[in-house]
Amino acid sequence: MNSEELKKLLEEIKENKLSVSEGVEKIKEVSYHDLGYAKIDTHRELRVGYPEVIYCEGKTNKQIVEIVRRLMLMNNNILATRASREVYDAISEVTCDAEYHIDARVVVVKRQKIVVTEKQIAVITAGTSDIPVAEEAAITAEVLGNKVIRIYDVGVAGIHRLLSKMDIISEANVIIVVAGMEGALASVVGGLVDKPVIAVPTSVGYGANFGGLAALLTMLNSCSSGIGVVNIDNGFGAGYLASNINRL
Amino acid sequence: MNSEELKKLLEEIKENKLSVSEGVEKIKEVSYHDLGYAKIDTHRELRVGYPEVIYCEGKTNKQIVEIVRRLMLMNNNILATRASREVYDAISEVTCDAEYHIDARVVVVKRQKIVVTEKQIAVITAGTSDIPVAEEAAITAEVLGNKVIRIYDVGVAGIHRLLSKMDIISEANVIIVVAGMEGALASVVGGLVDKPVIAVPTSVGYGANFGGLAALLTMLNSCSSGIGVVNIDNGFGAGYLASNINRL
Amino acid sequence: MNSEELKKLLEEIKENKLSVSEGVEKIKEVSYHDLGYAKIDTHRELRVGYPEVIYCEGKTNKQIVEIVRRLMLMNNNILATRASREVYDAISEVTCDAEYHIDARVVVVKRQKIVVTEKQIAVITAGTSDIPVAEEAAITAEVLGNKVIRIYDVGVAGIHRLLSKMDIISEANVIIVVAGMEGALASVVGGLVDKPVIAVPTSVGYGANFGGLAALLTMLNSCSSGIGVVNIDNGFGAGYLASNINRL
Amino acid sequence: MNSEELKKLLEEIKENKLSVSEGVEKIKEVSYHDLGYAKIDTHRELRVGYPEVIYCEGKTNKQIVEIVRRLMLMNNNILATRASREVYDAISEVTCDAEYHIDARVVVVKRQKIVVTEKQIAVITAGTSDIPVAEEAAITAEVLGNKVIRIYDVGVAGIHRLLSKMDIISEANVIIVVAGMEGALASVVGGLVDKPVIAVPTSVGYGANFGGLAALLTMLNSCSSGIGVVNIDNGFGAGYLASNINRL
Amino acid sequence: MNSEELKKLLEEIKENKLSVSEGVEKIKEVSYHDLGYAKIDTHRELRVGYPEVIYCEGKTNKQIVEIVRRLMLMNNNILATRASREVYDAISEVTCDAEYHIDARVVVVKRQKIVVTEKQIAVITAGTSDIPVAEEAAITAEVLGNKVIRIYDVGVAGIHRLLSKMDIISEANVIIVVAGMEGALASVVGGLVDKPVIAVPTSVGYGANFGGLAALLTMLNSCSSGIGVVNIDNGFGAGYLASNINRL
Amino acid sequence: MNSEELKKLLEEIKENKLSVSEGVEKIKEVSYHDLGYAKIDTHRELRVGYPEVIYCEGKTNKQIVEIVRRLMLMNNNILATRASREVYDAISEVTCDAEYHIDARVVVVKRQKIVVTEKQIAVITAGTSDIPVAEEAAITAEVLGNKVIRIYDVGVAGIHRLLSKMDIISEANVIIVVAGMEGALASVVGGLVDKPVIAVPTSVGYGANFGGLAALLTMLNSCSSGIGVVNIDNGFGAGYLASNINRL
Amino acid sequence: MNSEELKKLLEEIKENKLSVSEGVEKIKEVSYHDLGYAKIDTHRELRVGYPEVIYCEGKTNKQIVEIVRRLMLMNNNILATRASREVYDAISEVTCDAEYHIDARVVVVKRQKIVVTEKQIAVITAGTSDIPVAEEAAITAEVLGNKVIRIYDVGVAGIHRLLSKMDIISEANVIIVVAGMEGALASVVGGLVDKPVIAVPTSVGYGANFGGLAALLTMLNSCSSGIGVVNIDNGFGAGYLASNINRL
Amino acid sequence: MNSEELKKLLEEIKENKLSVSEGVEKIKEVSYHDLGYAKIDTHRELRVGYPEVIYCEGKTNKQIVEIVRRLMLMNNNILATRASREVYDAISEVTCDAEYHIDARVVVVKRQKIVVTEKQIAVITAGTSDIPVAEEAAITAEVLGNKVIRIYDVGVAGIHRLLSKMDIISEANVIIVVAGMEGALASVVGGLVDKPVIAVPTSVGYGANFGGLAALLTMLNSCSSGIGVVNIDNGFGAGYLASNINRL
């Protein structure tokens, strides 16, 4: 409820269009739908086609399907992340608009047309094994209405691969760098562009990698300026932040 | 050296304006000034007034002053971070344009007028003790040509303080959240706005805070989407990234 | 054995109702039943209906059933935590009073009526995935004789959901906050109430969450005062402590 | 602003005692005093004599004195924690009501009489070196209006010392256990009483103690139920929570 | 080869009973049997009945059986630790003297009578779940020729259980304390006896237990003196060290 | 592209053998084959018989087979590490030159004769369980054209085993020490030779070993000089570095 | 109070030599002297000459001196550890029997003759920098009545130094190994003797040593059996445990 | 004592040139000079000019000077690392051949001419602040007789600086990469050369750098093959290992 709405509401009270007790209720009124185990947001002034997001991990299939059903009433697009094939199958039973991105473990339910930006987001990976996280980022950004370009397996062990792609990368408005192992790619890219860089450490690696900690620390300590880091394997978060920046 | 320049250079060779060996040298030519202990970048196509940055920690005063001197030849603005008062005093001896921001531990040498954006960056802190890091971020952003608004001491322990400022915060283009202790402010702000949020954990706190690790993990694991995290106490990095976003 | 009992015992000796060696034995007498692999407490002056607790992890089904059997001789209510369905099945074979709470992984054997407090404990979760831990806390508190109110999925990413429930929460005598990911909910709630808050970090999350460590550190470092923290996923501990407070 | 107040305000608008724009302002009005670097809470319905708290670490003396001055206008008692002698000296210059507790590093400014509870809080330490943290807890609890009993140096290395004090300890309503090194005292006390226990790990120790981490983990993993843990060395937090419980 | 043997060897050379090159070989001679993937010790002056030990983890069944076969040639007793039932089955095929201790995951092949000490080792556990590790310690000590007494489930949450057993415990020559969760039992026992205490942290627990790290740190930081700690879950190491002490 | 090649290219432009735009393309030309999900290096001036390496973890069988196919076009030898039997089976379907080293989890596709060095690399393990990692190192070194000698199970618990092998070890040009548990072998070997030592910590062990961290820290902190450490279980890295040294 | 004493006390009550209330008091009577900030043990049946121990860190000089004074009343020998020179000076003012061991940071007040064992304890260090911790162990063992032999600077980087001393070491009854950096000495010694080995990690080292953590993990993970580990830099604990073993 | 020497010794005994007891002594004879607190190696067959090394940290000036004096008797060159100016001053009093490298904190005592290799070692740093560690490596390598080339401040944030120096770097026989912050330089260099790379993480950085841990993990997890890592800030170790490789 913004200032304008509050002002209007108070005026309605003044003009007796609304009783005092109704006003109290309205102000305190919850702007979500309550399923008990989940409270579904319904109050956002959404851009056309902007999706609702369901993080599937730790939710039962039954809960997920119920949430999907509720969101479909509002005719929203839906993005379900960390979704196993079983989740996809369950969702498929209530809508035929669901499509499954197996690499990214993402289900997209498209109910409205997505208007796409002209400016684009580049998604880069250091290795082949980082692709699933990169795809989560890329699809998130696309569903949020961004044009995305993918450049995969350009890690620093063979830096000529990266340098040969710098022209394309430099044209992007925002750059997402996805890297596991030591995660050095973010620093090198950060030093070559003057656009916002979002770094996603992945849990790819072994030994003293500690499930992505090595890449995470690398990215946080980058000697290149202008890098924002998200959680390990958090492709969704990177895609979401990139979209927030790209749509400014 | 971009494609255009390379093309031009090759044409000069073809037209015999440039010998082959001159061409080889040119292509390999280093685009920095070499002081031995430091290689100063001189090749950037800079926006007018855009500063060069010196990270002072681990450099001797003598080295810093020499780098400042060299940069002043190019008439750049200069931003020296993590600068003690001794560093400021040393710089003051070679230029009277230096000003010291004691909270932020930043020296600014202003040689050219800075053109300021209309869109603004909000810098928010959870507590009073987080202000030095916030100031590093704010001054960095200002020197990089951004309009900055400061909102300090609005941590979640008294959430009405934050809520009362949401109107101002929501108008900003980019939001920097600076918080120590448990760092929860970033999540709350991230849930209230749909602009890019840059989170800066600070080392403020004690005990199981582990020098800012607690706030860092909080911010990386935020349940709010659209948050990019920088290193602990890295106000400069946050200001720089915010500027890259704000100037898109 | 309290002072009164000791005094009485010594007087019995003095009055020759008890021999000296009997007295020595009595004083040293163990106040538990010894099964070899487990020593079952039998000396507590229990409130009516107060249950005995079995932590099932690391015990064989055979051991658990034997302990249940022994406790049923004393006609106690029994609370078995971290109980798999197999544990429940095994217990069901020796008593038909067992009921299984699948979310909470708790078996309750009710042999006596539980007298319930008037003052209530609020159990709050940040997300849907935190519900199993919350249920362990809630059922523990209920079996210990407390009135419990559940408020689930009110994490800080959508703070209006929490604010809309503050009236109900504020009426509780003790508040248990269950949160994974970054665990910021505890700080926000702690800042809004002046009742004791018990924070339970959960292992819900991924990446730099480190199995609940992120939420644990957040809660320990909370900028809000008056928060006591229990171990990661320790719903039972939270319910037990809340009950100890609520029954004062 | 609670429901009652909101209702009253809306009625004043309805009755034209308040203009709509005044109402908007009132509702949005901040309930704190803004010093720029700090926002001082002024909206709490305080119990008589209840103090305002200043956490001094990371604040300049000038800031602290200014906050003290502002709070004195409201005639509050004040509790300044983590206060060096320099802080005390600075506060002494603006009020002669300040007293310094050197062990606890706490300054108390008493402007109103404190009404003390009958029920008492026991503060226990494992060793002599834990006393400063214990004193922070004890004085906090006292300033918040609680009766406090201190029992120091009863660590488990000589358990007869603890057992000889159990009668006194058992009579307390809430028990604060302060322990460094391995922190085992909390578990032993937790097993001997059925009152809420608040455990405070201290940074006392060396080697693999890791600044209190060993004691912290011990307390979080306690095999005794009913223990809530606060941050390392956080005597204030323990005292505050104990008071919240004791005053229920 | 001790000094006496070396002296004798040199005298044989002097007396021409041994050629110089034979002497060189003898001195350098390896005192083990080499299987390529394993070098089996054969040079120890063994006490009668003293077993050879095989740590099974990371060895294939084929390797284990081959090592057992080789050791049986020397008629040694054999202790195989961390042995799955499959390992036991494989060993059983080459000898019918193998017995399997399922709790302790230990196989014992007894080929010679074990002479048992009079002085005894006490093995104590905090809980029922610590018994497997305790059994590994107890059986190791027994196979090494020590009298062992077991006292299980006497953790500090109900300290009367421990105190009631102190008479028996005090009579032991060496005490092994096995405890998971917070591991406080070692400190309490260490404070009650003046015999060497060997502490074994176990990985029993959850959350911030970190696989036994909590108990390990507790034991290393014990405020009681005279405690030696072995690795997490290392029952064998504790039994071996206790035996070395008990047989002095 | 080295200086010579660049010079030649520029001369061709000058002599009109190459157009300017062709030159631009050539210089920017990528020196790898792009499969989308992987960019295969094709620009190395390889020693005869030198293999291409595929790290299989995180790649699908389909991706691996496609990369193998592409590399075989260039008639290279191929070394596929971290290869499961399924990977081997898949590769076997496209070439009959593949052989599987089951211990080392390595597939070798030999298409050219490997020329072997005279100087040899010694690969030493502390225990039997370290052999798989040692084999990865040994086979890598062999495929890269080095003579390798294996000495297994000579850990410091029976130091006479190591000392008896020092003659052989000292003759090697480079020494790879593979050790888990506490990893002390590297320090002892490092003190006995004056050749480069490469230390490989393994994840063999349990408890406070933390997946190889204990051995890793031991090796990094070695009191012996001249030891270079690679990642935990990184046999390939050790073999590769040893080869780089041995072939100097 | 042991069984015998309890029996006697109960008989006195029976025979009316003691009233019941006197008996209650006696049984509950504390067996220590209470200074408020410290409870001094006075109930131990001490071996002749056995010292009382004061851990000085975290105690004020005034507290230490008061404790010394109290202990001197009982004519005990006193061992004050972690004592700065200031502590020594303060103690010297109340007794002229104090001597300061500057390396070990230990003050010894000798009031009774110490009877020394025949069997000896060997104290071994890896380097020169480990000597202070070794001296704390050695002096502790000596004051507790043990014969001690010191062998310093025999780390594994030059293993011939250690081997040349093995005859002397093997004759000891208990062996204390003190080592920083990677701490490998404990494993090597443990493999060469069949006596109890007590390992003391020291904080000597840098970088990834993490204040002694590297040596601690090495010792806990030792591949040699029969090693008990104490806390980092805990020379006192090692000396105490060694004495407990040596005096069996 | 090698095989040859042992053979000769045994023959002398056979020929009665040496008595048996003399032989025993000789074989057991220590090949070092024993100062009690230090055992100085004197048995190495040294290359001409090869220095003895003293690690100064944790040694008193008196001890260092005594060791220097003893080594000078053998006319060795001496390298004293981690030497403060005070150490240098103390050494200067016993020899005028000492020179102090203030950046590297190294004292060199040159008594013999150093023969220098033709093949050279490249020492590279990411930043200016890494130079002290690099200098420790460079001077160590030089004193050990290697030609060294220094290339400083070529970190990946401005990768053109590195690329412009690749010709020089590629000519080196061994490459030492010294980098703090995120340490990405090692990976990039490792991908560009086929020579052995030794990576030295430095403690330069702040926040989540954790004293060099970030750079250490980066280097251990490098996606480039052929990199050996030494301890944080261990310039000496890198120089020593590089020398061992370069002199093969």
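Every chain is named by a letter (A, B, C, D, E, F, G and H) in the order it is written, and numbering of its residues begins at 1.
We adopt the following convention: a residue touches a chain if its C-beta (ideal position, glycine included) is under 8 Å from a C-beta of that chain, and two chains touch if they have at least 3 such contacts.
Since the structure is predicted, the reported quantities are computational estimates derived from the model, not experimental observations.
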| item | value |
| --- | --- |
| From the options A-F, G-H or C-D, the pair that copies E-G, where over half of the contact pairs coincide | C-D |
| Between subunit H and subunit A, distance of the C-alpha-averaged centres to the nearest whole Å | 50 |
| Chain centre separation (subunit B, subunit F; CA means) in Å | 41 |
| Approximate Å spacing (C-alpha centroids) for the pair subunit F, subunit H | 26 |
| Multi-chain contact sites of subunit D, meaning residues that touch two or more partners | 3, 28, 127, 158, 167, 207-209, 213, 216, 220-221, 225, 231-232 |
| Listing of all chain pairs that touch each other, if any do | A-B, A-C, A-D, A-F, A-H, B-C, B-D, B-F, B-H, C-D, C-E, C-G, D-E, D-G, E-F, E-G, E-H, F-G, F-H, G-H |
| Subunit E - residues contacting subunit G, complex | 3, 53, 167, 173, 194-196, 198, 216, 220-221, 225-232, 236-237, 240-241, 244-245, 248 |
| Interface residues, subunit D side, partner subunit E - complex | 126-127, 155-159, 181-184, 187-188, 190-192, 205, 207-210, 213-215, 217-225 |
| Residues on subunit E engaged by subunit H in the complex (per definition of touch) | 3, 6-7, 10-11, 13-14, 16, 20-21, 23-24, 27-28 |
| Residue numbers on subunit B that touch subunit D, as the complex places them | 127-131, 152-154, 158, 160-161, 164, 204, 206-209 |
| Sites on subunit C touched by subunit E in the complex | 28-32, 36-39, 41, 43, 57-59, 63, 201, 203, 211-213, 216, 231-234 |
